[in-house]
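Naming follows writing order (A, B and C), and every chain is counted from residue 1.
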Amino acid sequence: MAERGRGGPASTVEPGTAERAGRLRRALRPLASLWLLAALLLVWELAARADPSPFLPPFSVVAARFGEDWFAPAPGTLLLSERFLDAVPVSLSRLARGWALAAVLGIAIGVLLGRSRAARALASPVIRFWMSVPGVAVLPIALQFFGVSDAVSVFLIAFGSVWIIATHTADGVAGVDPGWLRTARSLRLPRGALLLRVVLPAAAPSILAGLRVSLGFGLVLMIVAELYATTAGLGHDIALYQQTFRYPEMWSAFLLVALLGIALNGAVDLVERRVLRWRRRG
Amino acid sequence: MTSTVERMRAAAAPAALGIAGVALVVAAWAALVASGLVAERSLPSPLAVAAALPVVLGDPAFLAALADTGAAWLGALALASSAAVLLGLMLGSAPWIARPALVAVSALRSIPSTALIPLAILLFGLGAAMKVSVAVYAVLPIVLINTIAGIAGTEPLRMAAARSMRWPWWRRWLQLQLPSAVPSIVTGVRVAAGIALVVVVSAELLGARSGAGLAVVQYQQALRIDAAYATVTVIGVLGALLYAGLALAERRTIERMRIG
Amino acid sequence: MEITIERLAKRYGDRPALDPISARIGQGEFVAVVGPSGCGKSTLLMLLAGLLPAGEGRVLLDEVPVDGPPAGVSVVFQDYARSLFPWLTVRRNLALAAVAERPARAELEHRIDRALRSVGLPDTAARFPWQLSGGQQQRVAIARALVAEPRVLLMDEPFAAVDAQTRADLQDLVLRLREEYGVTIVLVTHDVDESVYLADRVLVLSPAPGRVLRDLVVDLPAPRGQLVTKALPRFAELRAEVFRLVMRPVDGAAP
């Protein structure tokens, strides 16, 4: 089947092949949209070569550096370099812990607020206030609490994400179609089943949107915390390369962070598409 | 008459609850400090922070820092928004380039803005240009994406009508596409405003010469933790007021566009 | 299960929706409620289902007053899209109807399979509602009502959102289910033909605020069928009578 999906002469004969060709075209469309990005990278390359600056090495140099810095042929390490294994797991584990904490707290708070108008009124000025404090402004204070440790990064990521998740969840829960809630009531669903089978799935589009936005925020805050006060991690590496004038390595670290961000976003996309299959009805 | 009273009562109830909520949090905070579970040098009592508020607000250095932050924030937001709207108008009216542009923009913005702060310091030093450049990088794509989305949402029938009336391109831009994109643009600017503030304060924390973010660090390092908390409180209140203002402006604009 | 309605009334704010209504619906009876739109017939059904608090009066199910959705009563709503949960498979949608009484696993599976067979959709358990047609979705909603093994089935304009052919199929399905499960049925509809064709009794409500204009016994022979029953002269007479009552201008005169 996959063979025929490539098009070719058979595609005019069989029914359904037009559809398959359409699917192929759809799969290729993102690639077709990449030309502008490629052109911009080319401009970067040419500009950096025409007017060399230590701060902006050509893209080809960065790409070569990227391969050297983060990958290694040793099979025991999954082809990853020591530098990768020293920095990435540390950073990702901070992000994962902070974000997971924010997700659990944020969804719990959001459900509480979404189910009760009074709770919403009670909490909204407080939440609005905390949302308006840039997470980073709390960083010096977090240092006072936790000292220079992992906990600072985890706290910062969680603090910066939790309000976004909570407000998105509250909006989603408050906006659940009353028809579904009435049906749930007529089925006499107990609290737990109501929450797990009806309220959370119905609010899932909004909750997932909150999780997605907060993941981007979490990444920004992870880097700040690591730039400011840690002894390992990607942000720490970037600061180190900057202070020691190793600019190609700094750029290769940028590239890695960018690719990690794209990968994480792709993962959220996959989860979203799987969880929200039901929305594509009609 | 009764309906006015009722409406006022209906509006007053959430406000009263909101004040109660704030009071509840402050009381919990005071109780936490009084219980001795956290050290006073990590978390001072609400009274101590309140007492530090006049000190902070009376400190000319802090007020200057706040003005610096505000200027960098506003400058970045204005620069990013106007550039994004112009760019968005150009890209949005040509679908063949709009998609590749969105792909390129979302790929380039995958580097978290804060990671670029060390680079911006190299390029622009420690002044306002550094803060503004990082903030522009962070928020320009947001407004751009919203502008393109808004233009893509222009009612196709109206576009067809404009074409059949042989409107020139600039007239289609000004009288049709821009107005129909305005609600989406305003939403983008509101979201961008919050993010720009985070980025500006981050940049200040990591190496600007002045700014409100730096003030928190300076108070903390001077062991005036109460003043550090007071500063955070001021920033939060200002941010909340700003947000409320922007949200109101957004609602107004969207309402007006609906009527029009 | 016998339903007793005692001087039941409801108002929304200042606006009365339902004037005091009293009626009895016997065990196994099929009663249709018709009336002009906005007359409060759906409100009446929501009150019977315990989904709205009564303003005055009360509803008794076998002498027990209703306060909140009672056990043994299932509701089928008009809008299947907002009554089935699209994120759950048909099987899980049906299983939700029995969560409150926690039957044993095997018993639950048996009931689900039986309900799906009864509505003529035995092979859809693993599908999602959005993979089915509108008429099929409404059948699933009816099957879910059956899984709770109800003794009263309340239906709020259940066939209003489907096309005419599907509607006729679903009407005959309901008649069959009534035989098979022996439930008491209250059906709210704005379709006069439907009420006369299906019900043993038709309650005709006045324009808002609704009160009972006429409690009409439908003396048509069983079993009923789309062609045979609707061709009877008596069907035409009853239909005309209900139609006249529904269309009648408000003059305050009760029959």
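The criterion applied here is as follows: contacts are C-beta pairs under 8 Å (C-beta built on N, C-alpha and C of every residue); 3 or more make two chains touch, one makes a residue touch a chain.
Treat the numbers as computed from the prediction; the structure is a model and nothing was measured.
Undergrad: Would you mind checking which chain's mean C-alpha position lies nearest the centre of all protein C-alpha atoms?
TA: Chain closest to the assembly's C-alpha mean: A.
Undergrad: Select, from A-C and A-B, the pair of chains that is joined by more C-beta pairs in contact.
TA: Comparing A-C with A-B, the pair joined by more C-beta contacts is A-B.
Undergrad: Just curious, how far off is subunit C from subunit B if you go by their C-alpha centres, in Å?
TA: Chain centroid spacing, subunit B to subunit C, equals 53 Å.
Undergrad: Roughly how far is subunit A from subunit C, centre to centre by C-alpha average, rounded to an integer in Å?
TA: Here the centre of subunit C sits 48 Å away from the centre of subunit A.
Undergrad: Just curious, how far off is subunit B from subunit A if you go by their C-alpha centres, in Å?
TA: Their C-alpha centroids are separated by 20 Å.
Undergrad: Mind listing the subunit A positions that touch subunit C in their complex?
TA: Contacts found on subunit A: 177, 179-180, 182-190, 193, 197-198, 201-202, 204, 277-282.
Undergrad: What residues on subunit B touch subunit A, complex-wise?
TA: 13-15, 17-22, 24-25, 38, 41-43, 97, 99-104, 107-108, 110-119, 121-123, 138, 194, 197-199, 201-202, 205-206, 212-213, 216-217, 220-221, 225, 228-229, 231-232, 235-240, 242-244
Undergrad: Quick check on the complex: what are the subunit A residues that touch subunit B?
TA: Where subunit A meets subunit B, its residues are 30, 33-37, 40, 55, 118, 120-126, 128-141, 143-145, 160, 216-217, 219-224, 227-228, 234-235, 238-239, 242, 247, 250, 253-255, 257-259, 261-262, 265.
Undergrad: Would you mind writing out the residues of subunit C in touch with subunit A in their complex?
TA: Touching subunit A from subunit C are residues 49, 51, 69, 71, 74-75, 77, 79, 82-83, 85-88, 92, 96-97, 99-100, 128-130, 144, 148.
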